[in-house]
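Below is one structure; the comments refer to it alone.
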Amino acid sequence: MAGELSVAGADLELIDVRKDFPGFTALDDMDLHIPAGQFFALLGPSGCGKTTTLRIVAGLETPTQGRVLIGGKDITDTKPHDRPVNTVFQSYALFPHMTILENVAFGLRQRKVEDPLAKAQAGLDLVELGHIGARRPQQLSGGQQQRVALARALVNRPSLLLLDEPLGALDLKLRRQMQIELKAIQMEVGLTFLHVTHDQEEAMDMADTVAVMNKGRIEQMGSPEALYDRPKTAFVSRFLGQSNLFVGKVSEENPNSVSIEVGGAKITVDKKRAEKHTGTVAIGVRPEKATFHEEKPNLGADHVLIGPGEIIDIRFTGVSNQYLIEIPNIGEITVFAQNVGKSPVVELGAKVWVSWKVEHSFGLRDLPDGTEDLG
Amino acid sequence: MKALSHLWSGIKRGSLPVYSLIAVVFLLTPIFYTIIFSFNKSLRRNTVWNSFTLDNWTNICARQDLCSAVGNSLMISLISTLIATALGTALAIALVRYRFKLRSTVNFALFLPMATPEIVMGAGLASLFFNAGVGPGFVPTVIAHVMFCLSFVVVTVKARVQTLDPALEEAGRDLYANPSQVFWKITFPLLLPGVLSAALLSFALSFDDFIITYFNSGSVNTFPKFIYVAAKGGVPAQANVIASSVFLLAILIVLATQISSHFKRKRLQHIK
Amino acid sequence: MAFAAFGSSTPTTKGQTKSGRVVLALLLPGLIYLVLFFVIPLVSLVLTSLEAPAASGRIGEYVPGFDFGNYAYVVTKYWPQIARSFGFAFIATIIALLISYPLAYFIGVKARPWPMLQRMLVTLVIAPFFISFLLRTIAWKQLLADHSPIIEWAHQVGFLSPSQSFIGSNAAVVFGLVYNFIPFMTLPLYTSLERLDTRYLEAGSDLYASPSKVFRKITLPLSMPGIISGTLLTFIPIAGDYVNASRDFLGSSNTSMIGTMVDADFLQNRNYPAASAMSVVLMGIILILVTWYVRKSGTEDLL
């Protein structure tokens, strides 16, 4: 109940949650557990069901099926105003007919907390907007409105704070600055944050745990490092950073590794880094893990070597150079090479070989869209 | 040549403002006339200018029947405005915020009264009351006024509801307000400007209505009815006083809100 | 059963049945009112229009029946009034549109850089709403009476022949109708022109060069919704009006309209069936015209 709000965060559990809209399934058997006190990011492209998930947790939408538990308590049928949850809305939703201070005090007044104005003022101070309490929302910039929305939710010390793309409307610079502030505030207050975003960099920078959503399902969940290092689906491997993916039939199986054959080349992955060991398998490698050679190198079994191919595009992005290499029968491969000050030694059209360490390969559970199972 | 084309484009650019000025003066002419003749020391009929006097203004109720008619009009307009605004606001919220099966039918049904000439609505209600054995009078008049104001209220408030972001109400629910608190603390204050202008419109329509009132009021006299009947023999200058003061009051309200909102906007820009 | 129709489309979960109940609570009072005091009166009007005189033969007493004779009676007897009502409405609507469009264009488009001026002008356009409709009309009656300066001048210039009066003529009635309903035309026009994106006009000047072509190809089509609602808001009430045409206002016994006859039959002659038949005829013609007009202009979604 609203009265018994915790000072520390509580954990959130979604069990088998499904949401159908007329003619459309927005969430499909979603299971999720967020430990108390975590900064948890829900990452996914627009339309994948992130907002719907938050609305179900906040009680603004009723799930078609499944349970929602906060701090172990089933709140599936609890009204939004009785849930120990607060939301920072995508559009901020500040009340235009109230001052900033009254906006922040709204939840406190509703819960009949003592001295709401002083607590609201403290909340505004926390987001460094203590001096504009008397203004109206329309008089604030986007960044300021965002902070007020945050303060309005935070002052209630909810067990769980829901943030729906709270930085989406801000320009890049302000966005990076707010990411740092938001993270600092979360550490300071120790509440559970469920942060929704479609910006992978934002999710990776801020969250303890990231769940990648696609088409109403969670594709993979884990720490940002783990997700990046070992994506398990084609979608994750491409939504989080870039990946080179190769699809082929397993041609060789050893105790510790499997290899597929693609266009005459052998691509190997460690078994413990592969989800699937038989049939048609997709194996990937991050562009920065690959290197290219102008002469065919002599490498051992701990490397994957493909080529020769031709450099068809070079981009200089400052810190690194991006090379696009076309290898006959295999396709295009992207390689990032650190820009260490030397002028690039290779030119467009150069003939090169590409290699990477087997330990950097990852094997996917599924195949990328548009590729066929080879039987 | 050049001077000529300059002159021509000048006239062209100037002609629209000049035309608009003339059109506005045309619209205001009878208003000026009515106000000026409220100061006329009229002999028998208030049709020819005689001499300036304040008597009509200081002595509005010299015509007792006029004053009681105005009293009735105020009463009828006030009651019907309250009822029409309440019913219409509820309808407008339902029509914008909820999807239900007969929604477009309801929308159309609410448009129909606006597409019905007053004489048809007036005669229809009169025939209903007649057939039901209820004589014309105060209550039938109020009922009729609510009916023809209702659609206008719905249209006006609907426009306001459409601009209301549903996320604001959800934010209220999220911040521990139960449904009735959400309505009174968030929805209603935000709809208020629309509701007020609907009420103002409603009042103006009702206060000025003649045809529907004529068919349903029986012996109850109203301000428009008084003028209609008096038109045969000559309208007393006190009627001009009443109309002028209603006009000046309404214009003052409108101007005051406009000027205040203008300066508010200016101030907002300034702070930003 | 009837109530279920107002529930949300899939009344499966608790939340939706609940919102169904809220919708009902919001809709029912207004809809019941609409049925009781709009639909039923129209039905009552139709029923009354079919009544026959009572056997007693006393004036004002009728019995329910299916006497279509009332329609034949009013149409043969009052066809000049019917023709005049729609003729006046047609002419007055067109004149009002011609007068209002430039004014609305000036306020909605040209005056944009001066929002204060814009709002002042809108206020002035609606100002006539705030002063009695009947007194406004009486004011014109005095201003345009014989021997008034305007009419003296019209005699001198030759707009009117020496012995001719203006008040009492068809032209005077149309004049009054145009004047009284101009705000109903100007406001919707202004609303649609105010939303008009001037960048279209600029792009149009590049494409079509001539201002008249820009007007025909861009401004006019984009302001069509305003033109349609303005003409409807003007035409319908004008067709039913009879105050302007009244002998005590701007008309004479030769300018009577449908409303004049409904008034006379209902309130003086107590010939309720004839008055009702007349109202039904008026309403019927309006519905047919409006449906045709709205179809023709392809904007059914406007309603």
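Labels A, B and C are assigned to the chains in the order they are written; within every chain, residues are numbered from 1.
The criterion applied here is as follows: contacts are C-beta pairs under 8 Å (C-beta built on N, C-alpha and C of every residue); 3 or more make two chains touch, one makes a residue touch a chain.
By chain, UniProt protein names: A, B, C = Unannotated protein.
Everything quoted here is computed from the prediction, not taken from an experiment.
Of all chains displayed, B has the C-alpha centre closest to the centre of the whole protein C-alpha set. Each of B-C and A-B has its own count of C-beta contacts, and the greater count is at B-C. Using the average of C-alpha coordinates as each chain's centre, A ends up farthest from subunit C. Distance between chain centres (mean CA atoms), subunit A to subunit C: 59 Å.
Centre-to-centre separation between subunit B and subunit C, using Cα means, comes to 16 Å. Taking each chain's centre as the average of its CA atoms, subunit A and subunit B sit 55 Å apart.
Listed for subunit C are residues 9, each touching two or more other chains.
In subunit B, no residue touches at least two other chains.
By the touch criterion given at the top, residues 2, 58-60, 79-82, 85-87, 89-91, 93-97, 106-107, 110-111, 135-136, 138-139, 141, 152-153, 156 of subunit A touch subunit B in their complex. Residues of subunit C that touch subunit B in their complex: 5-9, 19-20, 22-23, 25-27, 29-31, 33-34, 37-38, 40-42, 44-45, 47-48, 99, 102-103, 105-107, 110, 115-116, 119-121, 123-125, 127-140, 142-143, 145, 179, 182-183, 232-233, 236-237, 239-243, 246, 248-249, 258-259, 262-263, 266-267, 272, 275-276, 279, 282-283, 286-287, 290, 303. Subunit B meets subunit A in the complex at residues 165, 167-168, 170-178, 181, 185-186, 189-190, 268, 271-272. Residues 16-17, 19-20, 23-24, 26-31, 33-34, 37, 47, 87-88, 90-91, 93-94, 98-102, 106-121, 123-128, 130-131, 143-144, 146-147, 150, 154, 204, 208, 210-211, 214-215, 223-224, 227-228, 231-232, 235, 239-240, 243-244, 246-247, 250-251, 254-255, 258, 262 of subunit B touch subunit C in their complex.
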